[in-house]
Amino acid sequence: MKKFEKILRDIKSVKIQGAENVAKASMEALIAYFSKKNFRKPYIFISKFSSASKRLMKTRPTEPLLRNSIRFVLKEIGSEGETNEMTNRMFSACRQVLYHYEVAEKSIADIGSNKIENGMKIFTHCHSSSVTGALKRAKEQGKDFVVYNTETRPLFQGRITAKELTKAKIHVKHFVDSGGRVALKECDLMLIGADAITSEGKVINKIGSEMFAIVAEKYSVPVYVLADSWKFDPQSIYGIPEPIEKRSSKEVWDKPPKGVEISNIAFERVDPDLIAAIISELGVYTPENFVSEVKKTYPWLSR
Amino acid sequence: MKKFEKILRDIKSVKIQGAENVAKASMEALIAYFSKKNFRKPYIFISKFSSASKRLMKTRPTEPLLRNSIRFVLKEIGSEGETNEMTNRMFSACRQVLYHYEVAEKSIADIGSNKIENGMKIFTHCHSSSVTGALKRAKEQGKDFVVYNTETRPLFQGRITAKELTKAKIHVKHFVDSGGRVALKECDLMLIGADAITSEGKVINKIGSEMFAIVAEKYSVPVYVLADSWKFDPQSIYGIPEPIEKRSSKEVWDKPPKGVEISNIAFERVDPDLIAAIISELGVYTPENFVSEVKKTYPWLSR
Amino acid sequence: MKKFEKILRDIKSVKIQGAENVAKASMEALIAYFSKKNFRKPYIFISKFSSASKRLMKTRPTEPLLRNSIRFVLKEIGSEGETNEMTNRMFSACRQVLYHYEVAEKSIADIGSNKIENGMKIFTHCHSSSVTGALKRAKEQGKDFVVYNTETRPLFQGRITAKELTKAKIHVKHFVDSGGRVALKECDLMLIGADAITSEGKVINKIGSEMFAIVAEKYSVPVYVLADSWKFDPQSIYGIPEPIEKRSSKEVWDKPPKGVEISNIAFERVDPDLIAAIISELGVYTPENFVSEVKKTYPWLSR
Amino acid sequence: MKKFEKILRDIKSVKIQGAENVAKASMEALIAYFSKKNFRKPYIFISKFSSASKRLMKTRPTEPLLRNSIRFVLKEIGSEGETNEMTNRMFSACRQVLYHYEVAEKSIADIGSNKIENGMKIFTHCHSSSVTGALKRAKEQGKDFVVYNTETRPLFQGRITAKELTKAKIHVKHFVDSGGRVALKECDLMLIGADAITSEGKVINKIGSEMFAIVAEKYSVPVYVLADSWKFDPQSIYGIPEPIEKRSSKEVWDKPPKGVEISNIAFERVDPDLIAAIISELGVYTPENFVSEVKKTYPWLSR
Amino acid sequence: MKKFEKILRDIKSVKIQGAENVAKASMEALIAYFSKKNFRKPYIFISKFSSASKRLMKTRPTEPLLRNSIRFVLKEIGSEGETNEMTNRMFSACRQVLYHYEVAEKSIADIGSNKIENGMKIFTHCHSSSVTGALKRAKEQGKDFVVYNTETRPLFQGRITAKELTKAKIHVKHFVDSGGRVALKECDLMLIGADAITSEGKVINKIGSEMFAIVAEKYSVPVYVLADSWKFDPQSIYGIPEPIEKRSSKEVWDKPPKGVEISNIAFERVDPDLIAAIISELGVYTPENFVSEVKKTYPWLSR
Amino acid sequence: MKKFEKILRDIKSVKIQGAENVAKASMEALIAYFSKKNFRKPYIFISKFSSASKRLMKTRPTEPLLRNSIRFVLKEIGSEGETNEMTNRMFSACRQVLYHYEVAEKSIADIGSNKIENGMKIFTHCHSSSVTGALKRAKEQGKDFVVYNTETRPLFQGRITAKELTKAKIHVKHFVDSGGRVALKECDLMLIGADAITSEGKVINKIGSEMFAIVAEKYSVPVYVLADSWKFDPQSIYGIPEPIEKRSSKEVWDKPPKGVEISNIAFERVDPDLIAAIISELGVYTPENFVSEVKKTYPWLSR
């Protein structure tokens, strides 16, 4: 239970960040939480599981990957049998989820690397482990290419990307965010991650993503989104909007003069018309076909 | 002569910055330089004037306003008469230039303010004294509007704009540069300054300007450029490209890891198709008509 | 049988209008037609049903909702059993269809209302009960918004929309059709209904719909189509064009001078690229995914 | 003086309408007003002329043609000489203006007709005497073509166009305004008139004009504006917006239900990027070159 | 075996050309190869089949139709039973494939002809038997239309199209490739074939296809691709690019001067955004829905 | 007179081709024609000059350069003085024209070469001596670049370009015309010549020019037109269309089957919106400013 609380704190304080990392840690938190517990009655277990998972889901507003994972676990737990059977099914389900993440990550890196060719200039924004995974896989395959990336204000996640890639011996050219057009004009490919994907095929990702996608379209640079398919948000089927996180103004300007209002929205929606394809563990599909594939492959996800 | 050298240093060290400020200070530097001097022979005066003005022009690569001002002074000096006649014509010309700046600034603020209406949301990027002048004039006229501006990395000139406008009681909403699309989607007008304008109607301005102009076009937000018409670059008639200043990588990231190359280009070209009109002391004209008006009004400028 | 004939007349004379109303009335007409009849042989019943439903389908050329409903009833009737079993299956099927309409209507209003936010300006054209349903639901939820609508010449159905909405206390701003651009430039959302949807994702709706969708795209106003999924036209899979109704020239200009030819086409096709999503009882989907969802959910519909 | 008052009334009551007709009648009104008058002193004459012309200019807000004509007369009157000399110069100037109108009209018809080819389908909106002039000239030249026109709600000026053209044996196909896209998709050319033209090359014309121009661009149908060059609005050089007339809501819907707000804006601005050329008595020029030609040909107009 | 070798040679030497013809001939080659053979052991048969089919697949790099056909045959052969059972299943499968081609061809002609209307001008590029099939079917139905086609350098396949169509009494207007824009501006429809279709909805076809599709979009001419659905390339799901054939420079310029490099790429990718629909034996679907339909109908194809 | 007749024949038989070459030869033809003649009366000389120049102008329909040159000579001849004075003025004027060609050619090469940078890929279509002049000048300046060019069916003028450039050691990559998109996607610049330029800023050039300009715009490749400013067609001011030459069908397909109609239009109009600038001896100007500059510099040309 200590481990559970620690993970909870670390997600809240952004020590653990990124949709994949938050989801992984949450699965581990659930395993830890229940690993030394015995519940007399199924309904007590279910109620405990429910409150524990709610606490995890509350930490970040824009995280369908976590919500879908918990939905999967709940489905696997089912409503029949003894408490210990339920608990065992829960452990097994959490481990299946963790295995899913692992397989998805590897598949996305493999498939994504097939889009990278020798001599390419590749644009990316912010930090996405799916994107860096594909880039590093391509480098391992001996391909030679350059990554153009933005610093990504206010939190400079672009520097994390730059550090990770240079460690893998990938050459990086680094731009201020307003230099995005200059960078994209020279590029052959744009790769970004995703926090959520809707039934309209919209991709929710770090602010700036749609602006750069607009510029990419102007210069005929194809935009690929690399993401675990469980980032699909089933609520969007009913028109329920994915909430967009607004963060502290201090991150942008610590002490602005009075009268200056700071906007620090963390994400924006990228229109499917600006996206060539979504690369997930299911393969390379247009946003429209991604939606039908994810619904077909994981029917529990949208039911 | 000391004043001359001080101004020269201040321009080099960016203590004096902005095309208008650099040009003004340079005129004053020339007045100071020659104010206590006597030259025996006209050719000596001309040679001294030539070397002094060359030193001023070398301080910054992208400054047609200064180059055109010196061209005007040279034309006025002419080649006839005694040394003291020449010197006097020079003093008079420098003062005419300073007066031109003053009149132009006031006209641009007046005309520009006519484009601002009650209830508008107005986007701007970086800092331009022509833009803040028009905004403040509109505020003085009792108009109520909001300015959406970007922080403008790496040097945060957007903060200078925000401070200047809030001092004039104008409400400012401040965004990271990658939030430009989110900001523009809500705006009615985009106002920027210019460092140079070419015979093809291209406007050279702070990096990010064309990216935001592309987004503005997508959202049908008209883009107006506010600038002294002497920023027209006559060399562009002969296809000679205006040089684009590249600044120190330290401004972007002080100590990047090895293998990360920093791009710190200061300006970019905005295509005339993205610009509704250039507002100068000559009036409101499309980039094409701006070029013909400036050539007609100041024939010495393009000869 | 009298009721049947009356409904038939009322549809022909446009007393009953709108795809949903025509389909509902037709189901009721069929129930009425057969409610006091006994047929000795199944084949006689089938032949009677066939001719009655053909007469209903002939009333309006552009109505796949009705055609699909009858197709459903036919499928349910089947080919086995006694005449009275068949008749009973027919009554049951007609009632299922009526229930489907009801559920679909409610779902579309619910889902559609989720797209409406406080403070929005929403554009609509002509009259669609799906659209007014969603608007009224949003109003019931306490949302505050304004509807911009067109008068919709020649028959001024826009006035029907305006009346219905003001009755529900929704503020309406009313424009001549040529003011559509002025209206859309200020709007956040465009909502329209549909008469038919093809396998290419094209939406057939009142003339003017694609023109306004083109303008909406220019101003980045998302276009949502609200429609019962049974408006999908399965014949389009085989490339067979949905016929477009041409109405009397008198509706446009009663007595035009000789030599003036009047065009009074009732509908036009809206390209799927101009549509953000189709909102049906199946959820919010791009036109492409709408087609795959409708085929998956109602396999009998496209077989 | 009676004639003067009658003309004034007729313009106010829209008996006299169209920029050209209003301007012509105003010139005749001025001639009538002063034809039987003697003023003792030049300043009395000037003051009388000033108040008479102001009353004429007040009748309609969007009429630079009239304002420029009076400006021309004033310039010709000058400030020297006796009263009767002044009066004579005024009569002469008014007649020159009337002659200018006549020549311009004929030139525009001649030049405009050169754009019309056998077999063409030509779109027009509202009623413009410059457009019907060119069409009738082309018909006189034996060319065979069809005109697609809109009814132009709320005042149905499209019917005036249709009547005038059928009288000249030109075949007309007539559409409701929302059928504009359907009409334009088949057309080869779009011709409209203008009420005013600004220094940014924007054309102010009947509401719907920019909407149809947007559609025309989508279908690569070139848009030509036919107008007397004196419709150029010199105030636009200083950023002063041409006022847009708002007319009575009764014209749109006589008795709307409470809660329905009617928008009845008479004009809209057409972006120069949507216009192939402006055809005036000066020739065929892009909006940008039209502005420079008009300024060059009539320097008094923009001074 | 002789027949097998002859077919192999004829495909290599381009005597047999076109994706359908190559695939048909390959099936016949396989039937011939095994028709007089007996293999003692299943594994010998499998190994022989494998090497024979590999030789066929190697003849042309861009042919998923052939690869998918062989995949189908292999699946049908299975791994159980005696050699002669296997052989029989192989013969049967090859015949099923040939029958599939025949049915698909007929369906595409039927469905495609529904898109052709009286009076149309239809653009095509290169030679596609699916396209000529649909055109000839429409002609048989008594429709009257004109085909605008390109000569299609370097091999002038446009002449083959022109000859085939004129033989069927279809009027042809023939253009050099650079006249494609002039031709398309007048057309109502563009029909092309396909060599391969990817999971992103991209269509690979003769070089020039995307250029003409770009022009078609500018002129709002809908582009339909006519193709057997087995041209879907399942490897594209994993991001593996379809190889693009580069042919001999001699085809373009027999003896170019030294220093001139010749580019003779045979195909290019057409973006799905430029395609209205793909017409296959499965029906008329957008590229996105084509992909989901083909996966649903032939699950073995993408497994 | 023999030389005159020979030149006339050579122009007709396309031995002499290209707007510049035809104009030069025509000037020389006129000098030759009158060099050994004496006319007793001025009116005889004028009549002879008139008929000789008409015969030259009739040789090719799309040649404003020649028409403007003769217009210049006529203006210089004037109507005063003796026959021999007139003749002398004619000789002098013809030589001025030849000198103008020479200076313009050199200026265009100089200015055009300023647009070419190290490492660029430059697209061109057909053959233009202005374009090859600028490319060769850039090469002389030591710049390293590649030219991508089309073969330009039906007459393969692209091969002339390729030969001329490789002779100057410029690397050439050569494409079939339908490979234009593939070529342009990689290029940084597109350079073409012009046969005529209209008052609407349209450039008339070899068929394919607008198609490639459309593609260039899609890929943000700037298009520059290099041309002597005397190619401006003053008749376009009055809406008179420049005739477009239709050439023999034999050039495209020597013996097409019956029923195949060949289109062999030699030129097409390029829209000014697709052109970054026209580079003439007057400098680098947008099409709009080109028109105003040419009218200002050569007032006789448009009077």
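Lettered A, B, C, D, E and F in written order, each chain numbered from 1.
One rule holds for everything that comes next: contacts are C-beta pairs under 8 Å (C-beta built on N, C-alpha and C of every residue); 3 or more make two chains touch, one makes a residue touch a chain.
The structure presented is a predicted model; accordingly, all values stated were derived computationally and were not measured.
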{"item": "Intersection of contact partners for chain A and chain D", "value": "B, C, E, F"}
{"item": "Other chains in touch with both chain D and chain E", "value": "C, F"}
{"item": "Between chain C and its twin chain E, rotation from the CA superposition, multiple of 5 degrees", "value": "120"}
{"item": "Selected from D-E, A-F or B-D, interface repeating C-E by over half of its contact pairs", "value": "B-D"}
{"item": "Of D-F and E-F, pair with higher C-beta contact tally", "value": "E-F"}
{"item": "Distance between the centres, which are taken as Cα means, of chain D and chain C, whole angstrom", "value": "43"}
{"item": "Approximate Å spacing (C-alpha centroids) for the pair chain B, chain C", "value": "58"}
{"item": "Between chain E and chain A, distance of the C-alpha-averaged centres to the nearest whole Å", "value": "39"}
{"item": "Junction residues of chain D - those touching two or more other chains", "value": "218, 273, 288, 292"}
{"item": "Chains touching one another, given as label pairs in label order", "value": "A-B, A-C, A-E, A-F, B-C, B-D, B-F, C-D, C-E, D-E, D-F, E-F"}
{"item": "Footprint of chain E on chain C - complex, ascending", "value": "199-201, 236-241, 272-273, 287-289, 291-292"}
{"item": "Partner chain D, residues of chain C touching it in the complex", "value": "125, 150-154, 159, 162-163, 166-167, 169-183, 206-208, 210-212, 214-215, 218, 252-253, 256-265, 268"}
{"item": "In the complex with chain D, residue positions of chain E that touch it", "value": "185, 218-220"}
{"item": "Residues of chain C defined as touching chain A within the complex", "value": "110-115, 273, 276-277, 279, 283-286, 288-289, 292-293"}
